[in-house]
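Please see the structure below; I have some questions.
Read from first to last, the chains carry the letters A, B, C, D and E; within each, the first residue is number 1.
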Amino acid sequence: MGRAFELLVSGDREVWFITWTSLRFSMSSALIACIPGIPLGVLIALRRFRGRRVLLAVLTSLMALPTVVVGLIVYSLISRAGPLGSFGILFTPRAVILGQAILALPIVVSMTASGLSSLDPLFPEVLTTLGASKREVLWMSVRQSRGAVLSASLASFGRVIGEVGVAMMLGGNIRWYTRTITTAIALETSKGEFELGLALGMVLLVMALGVNAALHWMVRHE
Amino acid sequence: NVRLRLATTTSTQDSGLLPILNPPFEKLTGITVDVIAVGSGKAIKLGENGDVDVVLVHDRKAEDKFVSQGYGVNRRDVMHNDFVVVGPSEDPARVAASTSAADAFARIAAAGAGFVSRGDASGTNTKELDLWAAAQVKPKGAWYKEAGQGMGEVLVMSNDLKAYTLADRGTWIAMKDKLPGLRILSEGDAALFNPYGVIAVNPQKHPEVNYMAALQYVAWVTSVQGQKIIREYTMGGQQLFTPDAVK
Amino acid sequence: MSSPSAPRLFEIRGLRARFDGRTVLSVDSLAIKEGEVTVMVGENGSGKTTLLRLLNGLITPAEGSVKFRGKPVPGEGLVAVRNESVLVHQSPLLFRGTVGLNVAYGPRIRGMRRAEAAARASAALRRVGLPGFERRRASALSGGEEQRVSLARALALTPRVLLLDEPTSNVDEQSRREIETIIREVSASGTTVIMSTHNMELAYRLCGRLLRLDAGVPAEVEENILKGRIERIDEQFAYFRTGDALLRCPARQGDFVVAVLPCDELILSRQPLDSSARNQLNGIVTELRPAGSLLTTVIDCGIPLKALITREAAAEIGVAPGAACVVTFKASAVRLH
Amino acid sequence: MGRAFELLVSGDREVWFITWTSLRFSMSSALIACIPGIPLGVLIALRRFRGRRVLLAVLTSLMALPTVVVGLIVYSLISRAGPLGSFGILFTPRAVILGQAILALPIVVSMTASGLSSLDPLFPEVLTTLGASKREVLWMSVRQSRGAVLSASLASFGRVIGEVGVAMMLGGNIRWYTRTITTAIALETSKGEFELGLALGMVLLVMALGVNAALHWMVRHE
Amino acid sequence: MSSPSAPRLFEIRGLRARFDGRTVLSVDSLAIKEGEVTVMVGENGSGKTTLLRLLNGLITPAEGSVKFRGKPVPGEGLVAVRNESVLVHQSPLLFRGTVGLNVAYGPRIRGMRRAEAAARASAALRRVGLPGFERRRASALSGGEEQRVSLARALALTPRVLLLDEPTSNVDEQSRREIETIIREVSASGTTVIMSTHNMELAYRLCGRLLRLDAGVPAEVEENILKGRIERIDEQFAYFRTGDALLRCPARQGDFVVAVLPCDELILSRQPLDSSARNQLNGIVTELRPAGSLLTTVIDCGIPLKALITREAAAEIGVAPGAACVVTFKASAVRLH
């Protein structure tokens, strides 16, 4: 801990930079995942359709996919040799954000769905009879279960800010460019600099706590 | 702002060489070098896929294959360092008394003392397997731990497990302060020679690669200035690499 | 019966509702006129809630169809049903947040501006006897308060069709009377009301039409429900005026608006009877129809009265459409509500 | 995919071994985390105490902790130089299971707590009046929210079976001993054997799906 | 009033309950005897549910104490309250799974074997009129079915104290009568019943004691509630026997067990009045106590009757404890339930 604060307070420019990069990547990717993920989760929770259970099981299983595998899959798409190679986004921040968003999506969807499944089954009916359109039912369900939706978003944020596989594979851990706290930790650890790794871990934890607290506070005071 | 992507082994990055070697190049040419430090195998794979512009690795067999298959062009020797056999200070297998690297390995096997192998098909791992062959030992059994990890991790494991391992000198020097239980027990054998090469990715295979910048980089590391930086780079008072391009 | 140009508000044909393979509702044919107050009664599990949800297009029938203004629901008619009707569910389900937010939700969702919707909500809350409840947390209400908020939430929409599922079950006496008044008022202003209740008093007092469900099947109501009012009261009788008839009833005080006369309490005869029964009305038989082993006879005595008689008795007295007869019943057979 | 099945069907003994190891480690660690984690989550959901919100925020934030940091922390305890070094469990299966259980614990606790918070607040009261003791209220709450509790367990299982940091750091990725699917993927990837990495990823996914399906089925048919 | 050796079942002193800083219940002193049926009535939000929860030790009072068999609840008496009493909540909250599982839960948790508990559950379900519902999913019930299952869940425990919060609100007429019978039966077997309801008919018929809550404060009940039965009925009157008195009531048919006589419908006089009012009873004033600006007078006419009179009238007639007087009221003032 002492080391972490020393690093931050001493104004080590590089630590500040990678902290900011981590935050930027994970906020962006969690947000990008939430935009389709929350509505999708709500739909899965509220609709009864064929294959719903299977879909949920697949989503939960996807949460188990190692980050490096997600990295590999995205890599095989955006590598020069892959179908989207011409965009040349490999080893850029965009690639990391894309990969992390893909990583976050199943988490957002399945946690939102499982959170909302505890809504009273009559809830959508009550909204509907009051004149709510399908979209409004969706939106109100989110507001009604905002605790669960917040949990889902925060869990996906936590997952991406703490993951290293995608950031390493797609970002390349390039100094002053795509190096994040986690890739830096991996680097330091591989060099045997365990204390520095731990210190960076603490920085990350403090940041995650801050984001958590801020979002909880916002939702509470909405 | 031109960016050049360099895939390299972790040893060049972790030893601190590249952070010294690259900035003068960047200043000189205005090219930003993105260092992607991975295992040798992965670095070459990235080159094959055209995801990087230039590779700097140490695995001669893989490099030659890379060039012969047409993925890489303009391979140049850059530098070398060497491998050392490290082990617990108590040296239960009496490796310190060995006459050659192969002899050292034979002693380890004979004593059944712990040995941690990189097991990751890296240059170091390839070299290690060659040495076992030379010692006429099939490494197998509880004493032989294939870790499948990077050099740093394997050194840490050896330290904790009080086991022997083969390490490149650069990483050893960089980390030896954190490895109180280990010391060099065998070194200097010609068989432990570890050459690094730089290869530009073939623009004919991958037209998108930044071939011009790659050539400039190859030129830089093999230039007199570049080689001077390599020669003068020391850590803990020890020279880490010996330049090969310019004698 | 209905003129073909003006379709009934709701028309049901061959309707079947199933849960888990069990048929819980089975209505062959039913029409509901605009402006009417239809009250559904029936045992627990007889399908009242299910029918209301079907009418509101919230669930899909297993068989048959519900038509709203001539268009099928769910289907073409769904938009119209959504726009014109609201169902107040049996268990009030309030959203998180304040009571005001709950009640203003409907108007807001239909595009009303915030201030206007809030004003509507306040008015609706005042109407159900909860003025000033706007800022209370919806999760911190008593059972009856919840139920009244849920009614207010529907009233705030001023719907043309109000579907109420046991709206007074947890409500105190005073509020029950107020809700009765509300239903009278909205009905007077042209709103169609379809409600279910177990409170027979409320059912009798409010119903334009009483619908009894028996295990999912509409059943004949075996009572004469006569709207009217007490004309005078003496120590012996209350005199209840309904249409052209004046009925002698037990002398009770109260604001009674309906007299209920069970069909099997009516005695038919050709000549006036010499009995202690204090009500005798002359009438003409207009209809005869079988009701199980018995016959339902409709007699026009200024008001139409239904009587249940055995087939033998009918033959003996010579009951046939067009025949004159006398209807006799005791004062104590008349139940005032 | 093809490659993965080839590997499994061809009876590659090593693939079977690492698959079994992965399953063994993650089942054990998830189970170990659930034993204190589920009751703890239920308590946090049902009790109102000071600092409850803070505790929840910390737990959610802990989910963000990179696995390698968890690995580092446990490492610093069980390494020869650490306070528990004398047990000599570093680079053994036990070390991995311990580390993964620590990783799984905050997930189990916080997801259980957030899942149960949607129980009707009167639910414990109804149980109590029927004569349930505090323990029985706890147990019945779990059964009542078994979907949420199952999700929590499966999420923690998914997290540990898909993680690589702890397994690598504490297990050492030792062949025929502590090598798991994820550490094998990391190894193959570092060798540039991307396809093999992907194939192993698919093996893992299929396994996770199997466990998910099995548990869902069990809970449904309880 | 009570003998010191036999403490009342419940004793309340200075009780205050608050939610969000608002005092919603304020009972200075109240005792409930064992074996009695206490019925609570009062407006929505008057604190009935809150009082029941306090009695069951489910919430903690802000001030004051509830004692069960002399021991404070929550506190020393909690174990006893838990063992002997069950509260049926206002909104039935069933667990997932089958109805059988719900009803057997209580017996199971108290250590009964599975088969035995299942048998108990079946018996309880039969008792509430839901035989064969054991295997139904609890989430697939109608509103009234849910409520009856929740009652059965409590009955399966055969508690010594049964706390019922509006047990008949969603229940059909027939079942309401059955629940009334159940309450009579459990009460006859010695169980203490404390219930809340908005159904005044049920309240009057069942109550051993009627407790009216007015904004959280127990209020005087301004009615004479006279238990008894119809002795005979003629075309003019029903004759209701209560204690030594025979009351003339409106002639209505039905199974009436209670006559309710509002206190302000009684006229007191020194001499028999010559009026059309058909009930005149002679009695002796036993008590006089102020009730706002009026006086509550208790007259022993074989049965104790309460009358509300003005202070002036009291002075004029000379109403004082021990004085003889005549109580007069109209037949139509008597409400039979």
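Throughout what follows, a residue touches a chain if its C-beta (ideal position, glycine included) is under 8 Å from a C-beta of that chain, and two chains touch if they have at least 3 such contacts.
Every value quoted in this text rests on a predicted model; they were computed, and no experiment measured them.
Student: Any chance you could name the chains that touch chain B and chain C both?
Tutor: A
Student: What shortest step count links chain B and chain E in the network of chain contacts?
Tutor: Counted as steps through touching chains, the separation is 2.
Student: Determine which two chains are connected by the greatest number of contacting C-beta pairs.
Tutor: Of all chain pairs, the one joined by the most C-beta contacts is A-D.
Student: List the centre-to-centre spacing of chain B and chain D in whole Å, with centres computed as mean CA coordinates.
Tutor: Chain B and chain D have C-alpha centres separated by 36 Å.
Student: What whole-number Å value describes the gap between the mean CA coordinates of chain C and chain D?
Tutor: A distance of 58 Å separates the two centres.
Student: Using mean C-alpha positions as chain centres, tell me how far chain C is from chain E in Å, no decimals.
Tutor: A distance of 30 Å separates the two centres.
Student: Hey, what residues on chain E touch two or more of the other chains?
Tutor: Residues 91 of chain E each touch two or more of the other chains.
Student: Hunt down the residues of chain D that sit against at least two other chains at once, touch-wise.
Tutor: Answer for chain D, listing residues that touch two or more other chains: 186, 189, 194.
Student: Which chain B residues touch at least two other chains?
Tutor: Correct list: 48, 150, 153.
Student: Which two-chain combinations qualify as touching?
Tutor: A-B, A-C, A-D, B-D, C-E, D-E
Student: In their complex, what parts of chain B are in touch with chain D?
Tutor: 38-39, 41-46, 48, 119-122, 145-150, 153, 157, 160-161, 181
Student: Show me the residue ranges of chain D that touch chain E in the complex, using the header's touch definition.
Tutor: 120, 122-123, 125-126, 128-133, 136, 140, 143-144
Student: For the complex, which residues does chain D have touching chain A?
Tutor: Checking each residue of chain D against chain A gives 53, 57-58, 60-69, 72-73, 75-76, 110-111, 114-115, 117-119, 145, 147-148, 151, 154-155, 157-159, 161-165, 169, 181-182, 185-186, 189, 194, 197-198, 200-201, 204-205, 208-209, 212-213, 216.
Student: If you look only at chain C, which of its residues touch chain E in the complex?
Tutor: 19-20, 42-46, 49, 90-91, 137, 140-145, 148, 165-166, 169-176, 198, 200, 233, 235-236, 238, 250-253, 276-278, 330-333, 335
Student: Which stretch or stretches of chain E touch chain D in the complex?
Tutor: 53, 56, 58, 82-83, 85-87, 89, 91, 93, 95-96, 105-106, 109-110, 153-154, 157, 163
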